[in-house]
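Attaching a single structure in structure tokens format; questions to follow.
To keep things simple, chains are lettered A, B and C as they appear, and every chain counts its residues starting from 1.
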Amino acid sequence: MSKNSSNIMALAPAAPNKRETVCIFGTGDFGRALGHKLIQSGYPVVFGSRSSHPSSLVPKDAEVLSHVEAAQKAAIIIIAIQRQHYSFLTSLADVLRGKVLVDISNNLKINQYPESNAEYLAQLVPGARVVKAFNTVSAWALQSGTLDASRQVFVCGDDAEAKKMVMDIVRALGLTPLDKGSLLAAQEIENYPLQLFPMWKFPIFLSLGLTVFFFIYCVVLNVIYPYVYEKKDFSFFIAISIPNQVCPVLALTLLGLVYLPGVLAAIIQLCRGTKYRRFPDWLDKWMLCRKQLGLVALAFACVHVLYTLVIPIRSFVRWRIGNQIISQVLSSNKTQPLDTSKAWISDSYLALGILGFFFFVLLGITSLPSVSNSVNWREFRFVQSKLGYLTLVLCTAHTLVYGGKWFLVPSSYKWYLPPIYMLSLIVPCAVLVVKFVLIFPCLDNPLTQIRQGWERNPRYSQ
Amino acid sequence: MSKNSSNIMALAPAAPNKRETVCIFGTGDFGRALGHKLIQSGYPVVFGSRSSHPSSLVPKDAEVLSHVEAAQKAAIIIIAIQRQHYSFLTSLADVLRGKVLVDISNNLKINQYPESNAEYLAQLVPGARVVKAFNTVSAWALQSGTLDASRQVFVCGDDAEAKKMVMDIVRALGLTPLDKGSLLAAQEIENYPLQLFPMWKFPIFLSLGLTVFFFIYCVVLNVIYPYVYEKKDFSFFIAISIPNQVCPVLALTLLGLVYLPGVLAAIIQLCRGTKYRRFPDWLDKWMLCRKQLGLVALAFACVHVLYTLVIPIRSFVRWRIGNQIISQVLSSNKTQPLDTSKAWISDSYLALGILGFFFFVLLGITSLPSVSNSVNWREFRFVQSKLGYLTLVLCTAHTLVYGGKWFLVPSSYKWYLPPIYMLSLIVPCAVLVVKFVLIFPCLDNPLTQIRQGWERNPRYSQ
Amino acid sequence: MSKNSSNIMALAPAAPNKRETVCIFGTGDFGRALGHKLIQSGYPVVFGSRSSHPSSLVPKDAEVLSHVEAAQKAAIIIIAIQRQHYSFLTSLADVLRGKVLVDISNNLKINQYPESNAEYLAQLVPGARVVKAFNTVSAWALQSGTLDASRQVFVCGDDAEAKKMVMDIVRALGLTPLDKGSLLAAQEIENYPLQLFPMWKFPIFLSLGLTVFFFIYCVVLNVIYPYVYEKKDFSFFIAISIPNQVCPVLALTLLGLVYLPGVLAAIIQLCRGTKYRRFPDWLDKWMLCRKQLGLVALAFACVHVLYTLVIPIRSFVRWRIGNQIISQVLSSNKTQPLDTSKAWISDSYLALGILGFFFFVLLGITSLPSVSNSVNWREFRFVQSKLGYLTLVLCTAHTLVYGGKWFLVPSSYKWYLPPIYMLSLIVPCAVLVVKFVLIFPCLDNPLTQIRQGWERNPRYSQ
């Protein structure tokens, strides 16, 4: 019986002014939200439920029937049930034969089960055509209507026709389906919503590690050193002064690390004389997380800017400036002439920092998805490469001018340790020097040729 | 005659290298812009116009004919005419029979007419298949090409085939159609472009009300009180000092109000022992506008930051600091030692404020549509919940440290009124205390179970 | 032979659980990236290559065959070869007959060849159906998966069926195809990825020109003048003081230029008594780059804010304030009373500037593509027009209050030149005055009528 009804559903074309019925097993949050959305888009929806008296939260226009009755009414059945309750579906094998079963389930942990939920479902109901879909969309997002068409819904399955039917539903809901191939991809699709910023892990752990290192370095130089030698309590430097040294150092170092892999890749390509060989794995991974590294660097730069701008409001700074003026009055009893070179240095490093920060923020804005989607490849490269190097040059110059005069003063090396801003200059200066060398025509020309496909020792040509 | 031509159009497949002709009634702004775009996408376009000599602004590649002639040439007719001129279409009933009429009209006011324009059109020309579409897209957006594929075009209609034809045109123009169901949805679709930030109304009126209240409160305490008792004119506080007290108070209160409904919902669910009952209406509405409340709070926080950073530039502040130094010189004739505990307090609340503001801005960035679309549900919850509470804790601590020492000082209660920052602590502290209680396992475990579907008094199980 | 196989491919429906094979000529970066993505989406992929031993970088699941063999296996052949190597395709004319050839090539310069690459390909292989597509997508974007569905892929071609086949592939990859019509559009599509911010050229060159002019103007007044008359070296003003005069002047002038064309258009429409005549070309172009002008103005405003906020940190400013206090101590030996009117002016222009900047940033945020896509036309106009004029009024008031008292003081006109902020007021004040006049009902009513289609001398009515 069920077999026939299924065939009839699949073969008989829908009446011209009606969409095909969709069946949903389960009346939980997601089932109800999806049902609601489907009804809005003109699909007749029937819920399959164990209970005969439906919850008051089920959409009004939907029918609620037993599982068997509901399944008979539709060619597509959305399984909005948790995996551990799938087993009862085996008893419905007859009714489900030939139907399209849409697995929308998610797990609580990555790789919780040996096989994906969708593959498990396909084993349980071998006669059905299983499609994985919708698991990356949340009930909340469906209800609140915050999704726009740029939201991709991953779909996979072994049966192309079944997949097409599901993708049509996805499109009818105003979303964009993305075919991820056969049901083997289900494991990956099920893991996707359980990920927590996988691309950000390396940049964030790297920056946390560097933060701890530089923080301790600064505490030693700025709090412990004066306490040991001068018995002065500068512990309150921990709140603002030291973070304001650590943040710019991290911002500059991470910004240097964004451009370092590009320079390394150029050197490797020049040495090998071809671009048709894979880079080492670590370099590939590094290059893929440059955007995240850059954004973390920008975050440190933003905090540095805020810490710098509150300086004049700090109680300590007001006390110090007041005391300087008072000592001057008491000692000399006259005003001092302006030190023009000091004014030049102070204004220059502030101006360089402001311009560097401005271009840095521009880079950050162009890495917003909607902005980077609206520029073409040449524009994107112009911003990320040309403006990026300009930012690096400006920020490096900012640090050089700021610390410049102390490089050769022995007293700035407490306990033989260099001031922290000198450490921050290592990576960016190295990148800029190598990049400068690579600009020379004798290196730039072969590199350009290699990147256009030329090979020093050609293996084959297309 | 028209009947035949219509059928021929509908049945005869288009030549392989040509799209179907589209007819547009009306040569106004929108008709011309749409015609232009259709021609670009390879559709032959014919305009129907009363006038035989067409406007010079009509796209060159389009034909301009009388209404009857134009309608005969196409299966789809886009009605780019205002509703009050629809009546002449009744005279074309024969030609329009079986055609797809696309109603793109908008009204000037919400619910201006008893029935939607599309339903009115369907009544006027009963033989035609009316589809509502394109009314949410503006002529200007079509012309300037600022639309990308994430722009959804709402479509509704009673005839599925007609709707499909229109949706194909929408897709060919590079936009994404969203099926909103039958023609009954036309009223809602027509009201959509007339809305003015409906989700923002409550947060904005609430914050305006609170702003007025706190502003007057501050004026009384900071301007009127010193005028009455000390005859001092501090009226200029109205420009910066008082807004800079009101803004942080509003930012903190509104941020607390963002997290209050979540806490209330948890309490309600715990009491009821189930999640399968609707929340009270006011709580549902409150939860839906949390994002907007948060963004308004962020706006106040941004203004607070700017007001704080300009403090050292203010003429009044420079005068006060100068006078303090001068009095110190004149009275004591020596410098003062550093008050370390004062430095600690000053630096701590600044550092807490900066970090709180930083995470607040991060929250704001992740609520940009393109960013929130590119994270998965777990990441979105992590940011909005974990980072959100971190922000709330930091900002509350910022306020506590700022005002801390004055809580027990009677002189800070002018006219028995507490200083304004104490008022701002009420909501966030209440939220944080309840949230802290809810974290205890004896409450957290049942809550987690309830949210996974468990019921204390189960009505039915799926 | 090839003819037959082609027909078989085109006619025989694909097996239900398999997509059609796609052939890719060329194993370069883009060919491999596209092949990889196609395999992910379930397409069998076969590469055509001169070399029998394939590169190790070719996706594993793809077959690599000779060009002839590969072409026979698929109905769609993607030509991932540079234009200068196209000529060998003539030898494959038999195999390629009836096939869909997808031209994905780009040039190095705009209009490098007389005809587009796609048209050249169509001439070389007259029996094939050529479609232009994918050239706007980069290999890097395909690989890194940073594309979402809002990314439009431009498609054009003379054969509608072939175009549809290609557009289906585009959709299967999760992207959105945009039909640009016949193969004549290929030239435009090929030029698109070679453009470098075409809409930004005019605003950026205009602002660069104005920057140079105002910078020299300021150097003359602030550095050369005191050097000539007072022998004082203020050359360090070039770093911060002068940029901080130039930036606000440019921000205000450019913001005025954003609203000037709208005012001019209103005057033209009032004079002509109709909206059905084209504006002059320069006005049309001006109106199209208003968004870019506004964003450049916002950039200058941001830099101005940063330059202003670092003022108290500058060495020069600290020296000046310290000296003022010291002179006061030495000369008068007592504190000064507060100058309330000075405090009022200082606080007012700071407050006006902060509010103006806040609304300016709001305007900037709403012009982000994803934000402007999620508001409707009425909301967009409300923000851009109402909030925009509010910003203009606030920023103009900020400048007026700042410079107010010096307008009538002759000593502020060094060398008979007015201070620079007076120049910045010309455009915005002109715009505001005209806009104010246009609000009067005697002008506003006819203008509203004209914009709704009314004509003083009607030519024709619809």
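We adopt the following convention: contacts are C-beta pairs under 8 Å (C-beta built on N, C-alpha and C of every residue); 3 or more make two chains touch, one makes a residue touch a chain.
Note that the structure is predicted; figures quoted are calculated from it, not measured.
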Subunit C and subunit B - chains in contact with each: A
Copies subunit A and subunit B touch via same or different residues, half shared test: different
Separation of mean Cα positions, subunit B and subunit A [Å, integer]: 24
Where subunit A touches two or more other chains, by residue: 148-151, 176, 309, 312, 325, 329, 368-371, 373-374
Subunit A partner contacts - residues on subunit B that touch it in the complex: 148-152, 158-161, 176-182, 185, 276-278, 288, 305, 308-309, 311-312, 321, 324-325, 328-329, 333-336, 338-340, 342-348, 350-351, 354-355, 357-358, 361-362, 368-379, 382, 453, 459-462
Residues of subunit B touching subunit C in the complex: 14-19, 26-28, 39-42, 49-51, 53, 55-57, 81, 85, 136, 138, 140-141, 144, 146-151, 172-174, 176, 192-197, 233, 235-236, 239-241, 243, 299, 302-303, 306-307, 309-310, 312-316, 318-319, 322-323, 325-327, 329-330, 368-371, 373-374
